[in-house]
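One chain, chain A, appears in both complexes that follow, with chain B as partner in the first and chain C in the second.
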Partner chain A sequence: MKPYQVKIARSAGNGAPTEVGTFEVVLEERMTVLDALFNIQRTQDDSLSFRCACRVGMCGTCAMYINSVPRLACKTQVSRLNSSTVTIGPLPNLPVIKDLVVSLEPFFEQWKKIKPALHSPTRDSKELACIPATSRYARETPQKRDCITCGICYGACGIKSSSAEYLGPAAINKAFLRLMDPRDTATEERLEVINNERAGVWRCHAQFNCTAACPKNIDLTDTIMRLKRAMLFPSGLKKA
Partner chain B sequence: MPAYRNVLWWYVQRITGALLVVLLTLHFWVEHFMSKTLMRGDLTYAVILSRISNPVWQAIDIGFLLVALVHGLNGLRNIVLDYSRVGPRVAQAITVALVAVGLVWSWWGIEAFSKL
Partner chain C sequence: MPHSSPLPIDTLDADILIIGAGGAGLLAALHVHETDPKLKIVVAVKGLLGQSGCTRMVQGGYNAVLNPSDSLERHFTDTIKGGAYINNQELAWMLVAESPKRIVELENKAGCIFDRNPDGTIHQKAFAGQSFDRTVHKGDLTGIEIMSNLRDYMLETDIRILQECRGLDLLTNDGKVGGALLLNIRTGRLSTVRAKATLLATGGGATMYRISSPSLEKSGDGMAMARRAGAGFVDMEMLQFHPTGLLVGTSVATGGLLEEGLRGAGAHLYNGLGERFMERYDPKLERATRDVVARSSYLEIVAGRGSPNGGVYIDGSHLGEEFLLRNFPGMVERCADYGFDLVHDRVEVSPSAHFQMGGITIDLACRSSLDGLFAAGEDAGGVHGANRLGGNGVADSIVFGGVAGDSMTDYVMGRELPTISAAQITALSQHWTRPLAAARGERPFGLREELEDVMWDRVGVVRNGADLESALDTLAALRERAQQAATAGPAASNPAWNALMDVLNLCDIGQMVAQSALVRTESRGAHYRLDYASPDPSWLKNIFLTPNDDGDLDVHFEPVKFTRLAPPSSI
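Then we have the complex of A and B:
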């Protein structure tokens, strides 16, 4: 059992920052930041607000800014932070609702712009829309399909912090998956969005912050760079 | 499916960046190390004139100027688009202004050779 000092950015119900709350917690070796937050909420301050759901890194709900890096609180062991002080804030680039709870509305507004749903010409078909395991889509995209829409890449992105219009890495990754999907037909519409000078891939300068922060280890920078290169001959995206 | 205009500028930025590495190295080598007169310490206007009167050197110098201008001004435009919250019309005005700066500067540099 080891004592830690936990500093948490607090805010009022309207999201306006009020103070940095400092708490002392004693944690066992393998306990996570989420465990620390529950400990504080149960024993020291029941007004502390944060979000979580699955607690096993599947849902992405507990994304927050931990020791200056956006991470999932449930996957971050306090002992691995190598610091006796843990500083926790809300995810950057998103409006704060209260304490560590942010609104993901701007994130999903960008997400909607790339038309995330499958646009199949055989929409009413009862047949299964199978993707052959040998296809390029199946071979090259498995890890890129692991996105849990936690918003961590959006919070980590340096360009997103200066541009409200930029789509952000997760939305671009989703667009890339749909563009490569041999079953999808909304290619032109998505490419128009991706090609937008203020919002599309051209704003990314490969800082790799999104890739470094992604809890599912998706190489988002690779996705964006591949899309940029593909824009010269966009028809190549769907090649088998 | 046609290529998008923005992708061409993205490639141009990369190609000009690679060219600048070569041209800048050549420039520094020629200007500071290659000239025997320079190494001897008796560099004169006549020595410089004889080199820049050569059409090959003129082509290299003009190419260097154009590559540097395209790379620099396009990079400046990218910075403006990245870190400003200007609207599309202001962004277009900035683009026009940068193109104008590029054209004037190109003319200024190229025109200098006509006075040799």
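Then we have the complex of A and C:
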């Protein structure tokens, strides 16, 4: 089979990439970008640094910039890229530690601002909350709860690229989930954060980059739009 | 030339050090923090917080008795039967008795919400080997719900989290454990954490097999550290193969699982001839326990009745598109990622090394044989006996993580920080940094492949005495070579160096698995010997391994104590 050319942004020491490494990898059937990286690391350059844990789309640690789109390396089949060259860089909008490894710290700093933990007066209850399968929470949140905090939406967001303060789509999505959570009572605090004019939902211009890039197919733009409506028409967040 | 000056070493003191941050590690942290928020907790996680380890990868769910028509006795009996009667029955009882309470904690304290029935009660689904539908879940990606919420809980506490930080070895003094030497994988800095109590919760080493399901960063670090420190182990031969790991050619995705709920819901297995082969092996067909289904598949494959890529087929197409998309969207998506169509087609699967039932010997307070050292989750042995039921794994992590947290909270009360040995720290840091300065030597990746091959071929689904003996020789030689390997380069972000450390740890565990497997001259649960193909009632015993001063293992047996349920005479 013909070899693919794989171009990878490399850091000389630690820190942001300073050069592009070019490798040739023979495509095997069903090979993912992650497989190509392991192949290079094991047979050509064992200093190549990237993150990977579960390798089946659950841990969210192999997010990177592949042929100009942020994607999970483990869920990207090389053959589906329709290009004989694969160009890989670190996820945008985050500081690079080495090669394809970025620091998620800014992402989680934003995440923490929306108070991701449950704040509930029933936290010491011995009973499970009654949440009918027909309730809004049960019907409307399951897919939005599949977020794997890979940071892809953060890397894809046009606003995020120019605003250090913007919360970013994933953190707003988490805020939405807690706001919808029938047990949670920290509503006012979270609304204040997401209503902040420099950091909150109003920064979103609905370019849909996050939604298009999300590897879990979460409609993040929908989440943000719902929260904008809820700011104007507070009944929109009724937890029923 | 030996590396004469080890890396700079940071020092940190804590009441409690937790190594590993899957379900067990984070539940332990939660329990300590809930009981006494003033205690200083340090959690070291090999990857990113909440995104490392196997609890994250849980698909199907979590077994708990929540329905009035179910009972703890039934869950217990299923667990003991599933474990072929060599479980530690008191640990197994603790699992089933605590499991329902922990579901409440996961929801009310950590913030999870599992799937519900129309009336608002929790939904429970069918899993193999169970007499009642008792598996709690969130769709078919339950682990993401659990770990994301536990992570979010941690983020709003002052618990110190050391991310991308691996345990190298335990610090010991007079047989007492007083913390550990850690390596920050990204910065390359070593640190010693001195702690009054240390918990091992890193997960097991099923990744030492050619086809395996766990998260790739796992390498049984906890068990390996415990062995080197001299802790005792139980039933190390018991390693579970999950029946349905995906076959994706040479991709690292190979071995990734299709969840058990598919078989629970009625999916069929076919061999390469199109026969529904489970009819030959077990009246429960595809809903037999994992050990039976995995072994049956393996026997079909080695008999030449496998699929073209050396597996069998799972077929759920008769369940219908609407049903599969509603109940197994994650599995449909996973198949599609690699170009397979679970909705309309058969998909090739293989037994995949999955979970270690054996592990560090613990008591009901998660105490190991070493003072100051605790173990929970997959690191510990005895709960599941010879085979673990699907849905009991995450329950184990969550239950015993909590038990360890409570137990350590009690243990540290009124204790002083331990004394640690500067000489030991220097020796350990020289030992671990040696490969960075080694100019010549083997690279680790070939060693890892050889290790995976010997484990799969000779210590795998079907075993025999001659193979096990030769495997022990090969493993010893591999370990020797790994000790001489070279990974010259920086300490920061050095993938080869980390790969070598993984190989060394897996060699230490693999040897225990092989040695224990050689000792057990019968077939029971996940342990199947062609030369002793039946269960032998005289083997209703546990096999204990204790590391001695020479680095070898002393073996002794003890009859299982049937404190709650005696086996039928035929077992």
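Note that the second predicted complex is superposed on the first by the 232 of 240 C-alpha atoms of A that agree within 3 Å, B and C clash if a C-alpha of one lies under 4 Å from a C-alpha of the other, contacts with A are read in each partner's own complex, and residues count from 1 in each chain.
FYI, contacts are C-beta pairs under 8 Å (C-beta built on N, C-alpha and C of every residue); 3 or more make two chains touch, one makes a residue touch a chain.
Computed from a predicted model, the values in this text were never measured in an experiment.
Chemist: Taking chain A as the common reference, can chain B and chain C both be placed on it without clashing, or not? Answer clash or fit.
Modeler: With chain A as the common anchor, chain B and chain C both fit in the superposed model.
Chemist: For A:Lys75, is the partner it touches chain B (first), chain C (second), both, or none of the two (neither)?
Modeler: Only chain C; A:Lys75 stays clear of chain B.
Chemist: Give one of first, second, both or neither to describe whether A:Lys228 is in contact with chain B, with chain C, with both, or with none.
Modeler: first
Chemist: Determine, under the contact definition given at the top, whether A:Glu197 touches first (chain B), second (chain C), both, or neither.
Modeler: first
Chemist: Output check: A:Thr187 vs chain B and chain C. Expected answer is one of first, second, both, neither. What do you get?
Modeler: first
Chemist: So in the superposed three-chain picture, is A:Asp46 touching just chain B, just chain C, both, or none of them (first/second/both/neither)?
Modeler: It touches chain C, and chain B stays clear.
Chemist: Tell me which partner A:Ile159 touches in the superposition: chain B (first), chain C (second), both or neither.
Modeler: A:Ile159 contacts chain B only, not chain C.
Chemist: Regarding the shared-chain residue A:Ala16, is it in contact with chain B (first), chain C (second), both, or neither?
Modeler: In the superposed model, A:Ala16 contacts neither chain B nor chain C.
Chemist: Counting residues of chain A in contact, which comes out ahead: chain B or chain C?
Modeler: More residues of chain A are touched by C.
Chemist: Which value, in Å, gives the least CA distance between chain B and chain C in the superposed three-chain arrangement?
Modeler: 24
Chemist: State which residues of chain A lie in both footprints, the one left by chain B and the one left by chain C.
Modeler: No residue of chain A touches both chain B and chain C.
Chemist: Which bits of chain A are touching chain C when the two form their complex?
Modeler: 13-14, 28-32, 34-35, 38, 41-43, 46-49, 51-61, 74-75, 77, 97-99, 101, 104, 108, 111-112, 115-118, 120, 122-135, 137-138, 142, 145-149, 174, 178, 181, 183-184
Chemist: Spell out the part of chain B that touches chain A in their complex, as residue ranges.
Modeler: 1-4, 6-8, 10-11, 78, 81-83, 85, 88, 91
Chemist: For a test of understanding, state which residues of chain C touch chain A in their complex under the given definition.
Modeler: So the residues of chain C in touch with chain A come to 47-48, 50-53, 56-57, 66, 101, 103-104, 107-111, 113, 115-123, 138-139, 141, 143-145, 148-149, 151-153, 155-156, 186, 215-217, 248-253, 256, 333-334, 337-339, 443, 445, 487, 489-490, 492-496, 499.
Chemist: Taking the complex as given, what residues does chain A use to touch chain B?
Modeler: Within the complex, chain A contacts chain B at residues 159, 162-164, 187-188, 191, 195, 197-198, 200, 202-203, 205, 228, 231-235.
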